[in-house]
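In the two assemblies presented below, subunit A is common to both, partnered first by subunit B and then by subunit C.
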Partner chain A sequence: MITPQAQEDRVRQILSDLTNVPPADIRAGDRLREDLGLDSVGSMELLSMLAEEFDIDVEMEEAAAVADVAGLMALARRHLG
Partner chain B sequence: MNTLVLGSAGFLGLNLVDALRAAGLDPLCARRKRTNVIPLRSRRARMVNVDLDDAASIREAMTGIDVVFHLAGHYPRHSQDGLVAMETGLRQMQNVLDAGAEAGIKRMVYVSSTATVAPSPSGYSTESDVFLVAPGFGVYHDLKWLMERRAAAERRYEVRIACPGACIGPWDLRLGTSALVVAAARRLDVAHPDGIVAVVDSADAAKGIMQQGLLADAPARALLVGGNYRLHAMRVALHERYGVPAPGAPIGASEAKALADAEESRALREHRRGALSREIVDLIVHGLPIDASLATRALGITWSPLSTTLDRFDAWARQMRIIPPLENVA
Partner chain C sequence: MSILAGDLLNPAPVSTLREALDRIGGKSDVWLTVHAGVNRQTFGGAVLSRLARCWARSLREAGVQRGDRVALLLPNDIPFVAAFFGCQYLGAVPVPLAWPVSLLDLNRVLDSLGPLVANAAPRVIVTTPAVASMKPFGLPAVVAPHPVPARGLVAPAKDDPAFIQYTSGSLGRPRGVVITQQAAVASAWSMGQALGVGRQDVGVSWLPLFHDMGLVGGLLCPLLYRFPLHLMSPGEFLLHPRRWLRLISEEKGTVATAPDFAYALCARRVKDLAGLDLSSWRHALSGSEPVHRSTLDAFAEQFAPTGFSARALKPVYGLAENTLGVCFGDGEEPDAEWQGRTICSVGRPIPGMEVQISESGEVLVRGPSRMTVYFRDPEATARTVRDGWLHTGDLGFICDGRLYLTGREKDLVIQNGRKFHPYDIERIAAAAVDAMPNGAAAFADADEALVVVVETREQLDDVEKRVRGELMAALGVRPSRVVQVGLGELPRTSSGKLRRNACVERFT
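And then the complex of A and B:
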């Protein structure tokens, strides 16, 4: 089972791949659109990559509600336990 | 019957996947490596990675397939680099057509656009109205015309062409025509030119595309349009529907093209989407009234009333938070 720290590291790495922001510079309070520059399509791609990476079932409604890095981490925790 | 949907993660693709599954089929869903597959995953769809620049990946996905639905034709997101768009679109189209021949498919439905429909002397255009040369309105129209011509020339197996109008409905996550609805709901008034918009409910378009693929006898080219509307009148009705002030008067075609070109330049510089894109302006300015009675007869489609289409889109968009919750709308 993946540890919480490994989960968080992987989420930061995926975010970094999409945004070109170094993982260490990504803060929990960063907003996906305003701070990390992802548009709505990019945000959905991010959630999709996360769902595939961790093989979790995310519904679109749930994905659409994620607005910041903290929300992303919370979603991963919810599904991975 | 084994079916493959190229472009299955997109707006119309998801509607088609739903239609095929409702008809008892289990389509193989081709997706790009980097795309939003959450809706496909939640449908437990069978997926395969396909890159239209990788002939082997297309051929492999098509192996054992009877009918291919090609909804992944290149869509130029801007008009600033027409030559690259043309080259990309035609190269990928040829890759798909060749892969179909090599894999031994029986039929392909290529989903084109009403942008390829030429004016009719009788007023309403039909399937027989085709531009003899590229329309020359802009990159989008010319590329769609070139790609459709290439697809229609395929002789190694049967290719049928579907030309859906401006689609409105659930799963338009990138907001094409549905952006008009969202703008009204969000009290945004983006300047638009006026012209005729041939609208179709996404579920009706999907049914038409499906029938073209599945029926033994179906038209080689089908126009899928539920109704023809003047854009400004439609925007006024949308603003009334959402109880927001009426939109400003339409701007002229030249002004709209200049505005869209400037917006596209800005969007490219700032890596964001512009408020108005050139292909939308071209589609509106050169929009034609379309007679879709052939699709009604031959494909058995009953076109949804626009109000039903708007209700369906609204319900979905609120679920997806694309439109604010009802309590936030004045």
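And then the complex of A and C:
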């Protein structure tokens, strides 16, 4: 079982890989679109990578509702319990 | 000037889309299957035809008459398909609008569609109840089919418009390509003839139905040739690219099309090949953005163990102004070297189409699926259709009977299959840093990455963040690089017009 901290670090790393923003500069309040520069295709790729990384099944409605880093972390927590 | 001509186009069995739907018929045969996650809904021709007439009735009760435009703002699902054909039964003209992947920013999405809707002047909008509750564009909204099918329907003539396809015209001046019944039928029929498809084929598509490649290639081609179609949504593909491939594997799909970025995404993201059998996939068409040899190779190599044949990968060329298809590859095109770049051929003209290159290197196209006019824009129409030839704005050359594209629609910036006019990007970027309205330049570098240059009075620390944030918010496009220069440093002509070619040289 992955610890919440390790999980958060992993999410941050994936985000960083996609956006080229250093992990330490990614804040919970950052919006995926306006602050991190992910377009709709990029956001979906991000969620798709998360789904694969943690072996979780994210559905469209849920994915489309994620707007910021906090939402992303919450989604990962929900699925990983 | 030599003209490259496709084979003779066989006569199509129908002359309108309404006839095509009626011809599918069949009480028990499934024609369309809509997939969403694990759910699937199936529709036979007769059921779909009845549903379309139910939509026709609710549209008519909302005041829609023959010739009226009907805006469709819907996801890739059965209401889009049924309402689209409902319009056909009334002789009304569907106008598909881009459905966003996420509804979080619905107000902004609606704002950006405003100029397009103003040009199309639809009588009603067909959309989901959630969107309808926001009273989009002040139009009456139709959200459900009537329980009882309409009667006393009209039979459109072959010269009547079948739909209006809006293109990535500048936000200020959207251009609605008017496609007649005859052109829609000819386009779908020609593409099918080029591929040699028939009732034994199986289509699998996630392409958006509001876009020409998803609508004409994805939906109308299977309709004309009466082969089954499996439909999923773009969002689901982006989230789970493997599901597209799994669907092709499970349904023994033979025809499935996508832009270059989607093949790259699959090669990058789909590592688990267990249970995937892609040996049935005969036509893996790649269109709507420049095709890269590296993408084709990576995809072919990655999926070779699934039985996928590299020969199935076929670069294609089409544009909304020709309804869709112009040239198709046959999977065996030789590449060409051009100015230090490797260029994939997009093949030969498909049946009925003729292609030539103008003095200036522009690709000109003639054939039965050509647009008639840009809706309510005679000037743009006169510039685009001259002496029967469609002036595509694309640059290319012909070699050994095959077409090669070297530049795509001058100055246009293509990102993830979406096309943007630099003017729109520049306007927003300039406003983001309080620059003069003409104080920004947007262009694609040799790798097609978006570069934005802004002129600022003084050095600002947060230029990149501001420009990127505003562009993402307003257009959903992400510049790969933002460059800050001093006032007057952008290359301009003597009359003050931006010289984008010079920008490309200076800033990349």
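Keep in mind that, in the parts below, the second predicted complex is superposed on the first by the 81 of 81 C-alpha atoms of A that agree within 3 Å, B and C clash if a C-alpha of one lies under 4 Å from a C-alpha of the other, contacts with A are read in each partner's own complex, and residues count from 1 in each chain.
The working rule: contacts are C-beta pairs under 8 Å (C-beta built on N, C-alpha and C of every residue); 3 or more make two chains touch, one makes a residue touch a chain.
Just so it is clear, the model here is predicted, and its values are computed rather than measured.
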Tell me which partner A:E34 touches in the superposition: subunit B (first), subunit C (second), both or neither.
second
Quick one: is A:A51 in contact with subunit B, with subunit C, with both, or with neither? Answer first, second, both or neither.
both
Based on the superposed arrangement, let me know which partner A:E59 touches: subunit B (first), subunit C (second), both, or neither?
both
Where does A:M73 make contact in the superposed view: on subunit B (first), on subunit C (second), on both, or on neither?
neither
Counting only touches as set out at the top, which of subunit B and subunit C does A:V21 meet: first, second, both, neither?
neither
Starting from the residues of subunit A touching subunit B, keep only those that also touch subunit C in the other complex, and list them.
37, 39-41, 44-45, 47-49, 51-52, 58-60, 63-65
Once bound in the complex, which stretches of subunit B touch subunit A?
34-39, 41-42, 173-174, 271-273, 319-322
Which of the residues in subunit A come into contact with subunit C in the complex?
33-35, 37-45, 47-49, 51-52, 58-60, 63-65, 67
Once bound in the complex, which stretches of subunit C touch subunit A?
36-37, 100-105, 233, 235-236, 238-241, 261, 265, 269, 415-416, 465, 468-469, 472-473, 476-478
Quick check: in the complex, which residue numbers of subunit A touch subunit B?
37, 39-41, 44-45, 47-49, 51-52, 57-61, 63-65
